[in-house]
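Look for chain A in each of the two complexes below; its partner is chain B in the first and chain C in the second.
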Partner chain A sequence: MIEKLQIIHPEMALFAATCIVLLIGLSGRSALRSACAPLTGVALLAAAWLGLQSPGADSELMQGMPFPGLLPYAKTLIALIGLLILPMLAGTVDRSYEKAVERGEVYNPMRSTRGEFYAFFMLSLIGVMLCATADDLIWLFLALELTSLPTYIMVAMSTSRLRSQEAGVKYFFLGAFGAAMFLYGFALLYGATGSTFLSEIREAMAEPGGAGPMAMLGLVMVIVGVSFKIAAVPMHFYAADVYQGAGTTVAAFLAFAPKAAGFFTLLILLGAVGWTHGPNGDALPPELRVILWVIAALTMTIGNTLALLQTSVKRILAYSSVAHSGYMLVGLIAGPGAGSIASNGLAAMLFYLLCYGVMTTGAFAAIAALERRAADGGREEIDSIEDLRGLCRVYPLVGWSMVVCSLSLLGLPPLLGFFGKLMLFTSAISAGEIVLVVVMGLNSAVAAFYYLRLAGYPLLEQRHDEAESPTLTPAPGRRLAACVAAVGVVALVVFISPLQRASHEATQLTPLPAVVEVKPASEAEVARR
Partner chain B sequence: MDSLLTTSLTLAQDTRLEAFAGVTLYHYLFVSATMFSLGVIGFLSRRNLIIMFLCTEMMFQAAGIALIAFSRYWLNHTGEVFVIFVLTIAAAEAALALALVVYLFRRKSTLDADAWMELKG
Partner chain C sequence: MTLLMLILIPLLGAAVIAFSPERQAKWLCLAWSLIALGAAVYAAFTFNWMERTGAFQFSASWTWIESLGIELSLGADSVSMLLILLTALLAPICALASFTAVQERQKLYYSTMLVLFAAMTGVFAARDLIFFYLCFEFTLAPMYVLISQWGSSNRKAAATKFFLYTFTGSIIALAGLVYIAWKWTQIGDGWSFAISDLEIAASQMSMFEQGWVLLALMVGFAVKVPLFPVHTWLPLAHTEAPTAGSVILAGVLLKLGTYAIYRFVLPFTPLAIQEYAPLIAVLAIIGIIYTGLICWVQRDVKKLVAYSSVSHLGFCVLGLMALNTIGAAGSVMYMVNHGLSTGALFLCIGMMYERYHTRSLDEVGGLASRMPVWAFFMVFFTLASVGLPGLNGFVGEFMCLLGTFQSGAVDFPGGTTGPLGPWYAIAAASGMIIAAIYLLYMVGRIVFGPLREPSDHHAHPVLPTDLNLREIGILAPLAVLCLGLGVYPTPVLRSLEAPINRVGVIAGFHDIEAPGSDETAPAHTLVLVPEEAWP
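This part shows the complex of A and B:
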């Protein structure tokens, strides 16, 4: 039994660090307080390393899971993107308070929020990892909530402005609504199959007539509820308001963590239904396929169209993250394919999650690295696209990071985003989803308009007024994160084929046991009752 | 699955609770679905933050009723265990919601969701 803990070693490492960070974040010694971020970094490195050692497809522990090879890829991916976001977070909370303490104010632990902030960050990442690990609906529900609850507070405390608290409340209420939706979906799934174990649900669904109306209704409710987490239609509308209201650094985190949790949930649950339905026996059940199809098409179209109308960079990136959810859903619709890497839509989805995490973090980090004069005389984060003018000339590192990351988000070859999108296209074509491919192609063309604006303002425009123009923030971590992400967008291209192979191996579906093997087990169970 | 919706609607009764013999799974599911729908309607139509939060709680508890009824129907305890966890999460969410609402109320002195319109676009 104890060896089963291997599965959650990365989470345990992160949780140990969470407890320590909570304690030392309240310490009276400022050196100890400022150790919070480095300690989080060490814990994330350890989690990434432990994630690589997670039991894979050949381990006995993973037998019976729908995706036995998922853990090493998923956990390492989550920990590494977390590590990329971490340097940005420095200086998000407590900046003015720490300055006041330096000037001689008596330190009051009640007013310090630094420990909680990093602890919530890690707890949320633990939640994402647990989503990928889940083999049970109860586990999945708790993991999704563990991902979301800390992010609500992170949004509310990310700046001292009123709009951050508003964003936090808005995010929380819609989040609770979404949670109730997928909880009811889970209840219906349990009602239809009599079990919360995904492996048993999978067997029940594979029986003739197993995927009946109640199970389908349950899955549809889960999809609608989870569409809040991934910011897809019909629950996408909060994204722009919340990302704009939250501090830029927290917005970057929101653009990755809940989204990753949502996609892992969908992957695992749809894996329990299986891509063995439809006329050729290689698609989702027709009801689910149609619903996901409509959601994917609407999500990318609405996301891209609304992004065109924005002038705030954070709102543009928010709607771009909505659109990217639509692209990733295409991979889920395409399914595991016939065996080659190019036809594996699930691998394409996981690989795109990696690409998207790097690109979008880089773009947010570049914005977070800049600040401008606020109306009240203080400094505030930049928000308008006008603030990006001529950035490449004044601050080349930040400017070029912004340019590279937005071009990669656009999918310009030979950057990382292009290869991610290419894989989604090939998998969708081999699954026969030609119309969806056309919709996606048109959307990529529309998206070019606003991504080129994001790249063109720093690169081609001139600054109007030096005094009113933004300057770098005193937090160097944000510049670092932007540069690392930009370098990653270029350098990871070299490692495309091992990464794609890893995501391909991570998404190998266990074939269902033959029905003959299932029967004696269920009879034995009945006898036990 | 078919049996669940058409033929056998009576809850599996061991030897207990003969008094409820006439109550079937359908009754519980009807109550649960009604509660859930009322929660959705309330959430979408009311503008007071506390009421909106109570509506989401009602949706959670509707799922709880469905879980318990299914648990009885399948004669296993998984659904009941699930409900314990749902209650825990609901308590955590309640603490979070009230903290956020009180915090905002101190700054704005209103509970009307429409009054917070700084974010628009």
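This part shows the complex of A and C:
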């Protein structure tokens, strides 16, 4: 029992830090309060390191799981992207209050939100990690909820403005709706297979007639419910409103954490069904394949088309994140392939998740690093694309980070995003999904239009009015996050091969030996009768 | 290593410029592009132009992304080498041509330009499909910046249109290329994007597969050329681009499309291209005539030359679609020649524009009396562009038409079986006549006749009335090359024989016997220049 805890070591480290952060966030001493962020950083580093040590495919603990090698890749990825997002969270909450305290106001722990904020951040990341670890439906449900519940609150408290609270409520209600959907799906799955353990579900589904209509309906419900988490059609409506209403830093978090949780859930659940159907025996069951196909195509198309019309950078990035979910679904449809890395769609999906995490965090961080004068005289985060004008000349680091990250999101070679897309291309073509590849290609072309605006405004446009133009926020962490992400987008190109190999190893599907034996026996029996 | 140096030198130059003071940017750019030119000339001297098997030289390969089978693999045959030389030659010319025209954000301008030259060199040197595609696609970003930052009034729209058209096309082409690579996994072990592997894989594709792959590739490359229905981005981009941008666009960027057709479409889809070559040829001919007629009514000189590019590149594609060696050789010659003469025309127009701030045929005319030196060059390059025998344009154009004529003309002496025929050649030749009409008409209006200058024109603060030494220095080397390639193209043609024969064998050209079918027959039969005529 004790050694089984190995698989949640990173979560335990994060949880310990969460408890401490909750406490010291309320401390009367400002030095202790401001230690919240560094402590979170240390915890994430520790989690990343522990994640690397997680039991892999050769460990006995992981036998019977659909993806025994998933943990090291998943947990390290989550912790590292969390680490990238962390510096930009600086100053999201309590900035003005801390200033007031410095000026002599008496510190009131009831008014401070810093501790909760970092605690929720880590709790949500724990949820994502647990999603990747889950071997049971109940666990999976709890993990998904643990990912989302803290984010509802983070959205609501991210700015002091009413729109954030509105966004939080909207996000919460739709999230609850999504949760109800996949919970219902889980119930149907349980009804169809008689177990909540993924390994048992897997065996039940592999039996002849195991993947019956009830199980399929359950899975469809799960897919639709989880599409809320990944902001895919038909549950994408909230994305633009919520991202825009939330503070930019929290929007960046929303663009990664729930999405990662959703994709890990889909990966694990579809792993239980297996890519063993179709004419060549390497596709999903036809019902699921069609549903995912339609969702992927619609998600890309709708996301990109709606992004064309926006003038708010946050809304553009929100719809772009919708579109990128569609791209990642392509990898999921392509399946694990025939053995080589380039044919492995699941590896392509996980690799793209990494690329996407870096690129999109960078773009959000670049926006978060700027602020402008609000209508009420205070400072507020920039939102309109006009605010990006001429950024490269005034603030070259932030400006160029924005340019590089947007071009990478566009998929321009030789940046990271291109190689992510290339791997999705190769795997989908191996799986014979050529139409989907063409849809994806056309979508990338449509997307080029708005990414060009995101890259062109900082680089090529002139500033109109210096006084009205945005300035840097006093939180240098956001600039740092933007730069680190931009450097990552360029530098990770060198390490593509090991990264793809890691994602390939993470997505090795355990074969089902039992089924192979059962099938010939039953046939033989039939023949005897 | 040599080729890698040719790519890295401009890149290094761009990095140096980015970290140097604004004032020195143009001199640094000139210096670095001259270094790059020197390196390219050195490479050309060490290059064996008379290699008889068409093998790739300067080959070098580094593992890059092992998991996807991607290598950083370089190599050049004489076709690539010619185009690399053209690219390297245009770099210092473009730098010099921008000295007075570009006044703001010079650091960004000159470093962008050098990056663009590095990417274009990479396209011609690539022996790995993904590295090729990476450079091919990456040229979009610097060109977008050049047009949308230093172009004329409608530059933003033009740059966006340019980017979106070519990006859309090439991403479809990528799907086709990846499909061929996937085909390789069926016969080889694992993924590979090496062009030599994929030539083998492509031969395993059925007619049906090749048809779709051909469509995908042509969608991408035809936009770049540009071929008739998808050419609309080009006039706009050319008109709005700064002079150096136009020169790069006409000189090299458009050739990426025809080069890619030569390098990939012909060898990768040998069956399908036999079937669909007439269709593509018809599009090319429509382009030749239709855009020629458009040129006729243009009032904007730059737009006129831009449309004439579309028309001229139609010949280039036509020569490739003839699917015989003479047509392909003509097409390659045409790529080089068009780069020289049309690039020079854009330079001339740019020099005029800098002085008069107009390009309208209605506002300026008879400039020969005002700027005799400029007028000489303008007339010279126009004649080269028209295809006057003795100047370079003639050689390529004639060979393209000859190839088209012979392809399918079995009744005529020297004719070969093939998909096209005399009628195609006759239709395309009418485009030559139209070209003569509109180009001479333009020269007649703008150079000769009564002097007309814009009423509100003020002399340029720095530039003299006629060309200064710098400007003559830009145009003179191009003129010398135009003349040289026109009078004595033999060495170049000879060097093209081997690589074109090599592609011809893979693509199944009609005038080449496949090796092995007859032991005694030589595999390489293209003899553009008989041995006796060779000094």
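Just so it is clear, the second predicted complex is superposed on the first by the 514 of 529 C-alpha atoms of A that agree within 3 Å, B and C clash if a C-alpha of one lies under 4 Å from a C-alpha of the other, contacts with A are read in each partner's own complex, and residues count from 1 in each chain.
Simple rule for what comes next: contacts are C-beta pairs under 8 Å (C-beta built on N, C-alpha and C of every residue); 3 or more make two chains touch, one makes a residue touch a chain.
The structure presented is a predicted model; accordingly, all values stated were derived computationally and were not measured.
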Partner chain in contact with A:L452 - chain B first, chain C second, else both or neither: second
Which of chain B and chain C A:L149 touches, first, second, both or neither: first
Touching partner for A:L492 - first (chain B), second (chain C), both, neither: neither
Of chain B and chain C, the chain that contacts the larger number of chain A residues: B
Which superposed partner A:L162 touches (first chain B, second chain C, both, neither): first
Touched partner set for A:L442, first chain B, second chain C, both or neither: second
First, second, both or neither for A:I138, with chain B first and chain C second: first
Which superposed partner A:G194 touches (first chain B, second chain C, both, neither): first
Residue ranges of chain B touching chain A (in the complex, touch as defined): 1-2, 4-5, 29, 36, 39, 43, 49, 52-53, 56, 59-60, 62-63, 66-67, 69-70, 73-76, 78-79, 81-82, 85-86, 89, 92-93, 96-97, 100-101, 103-104, 107-108, 116, 118-121
Complex contacts: residues of chain A adjacent to chain B: 137-138, 141-142, 145, 149, 152-153, 156, 162-163, 165-170, 172-173, 176-177, 179-181, 183-184, 186-188, 190-192, 194-196, 209-210, 212-215, 240-242, 244-245, 310, 312, 315, 529
Chain C partner contacts - residues on chain A that touch it in the complex: 340-343, 407, 411-414, 418-419, 422-423, 425-426, 429-430, 434, 437-438, 441-442, 444-445, 448-449, 452, 456, 459-460, 496-497, 500-501, 504
Residues on chain C engaged by chain A in the complex (per definition of touch): 64-69, 130, 133-134, 137-138, 140-141, 144-145, 148-149, 156, 160, 163-164, 167-168, 171-172, 174-175, 178-179, 181-182, 185, 190-191
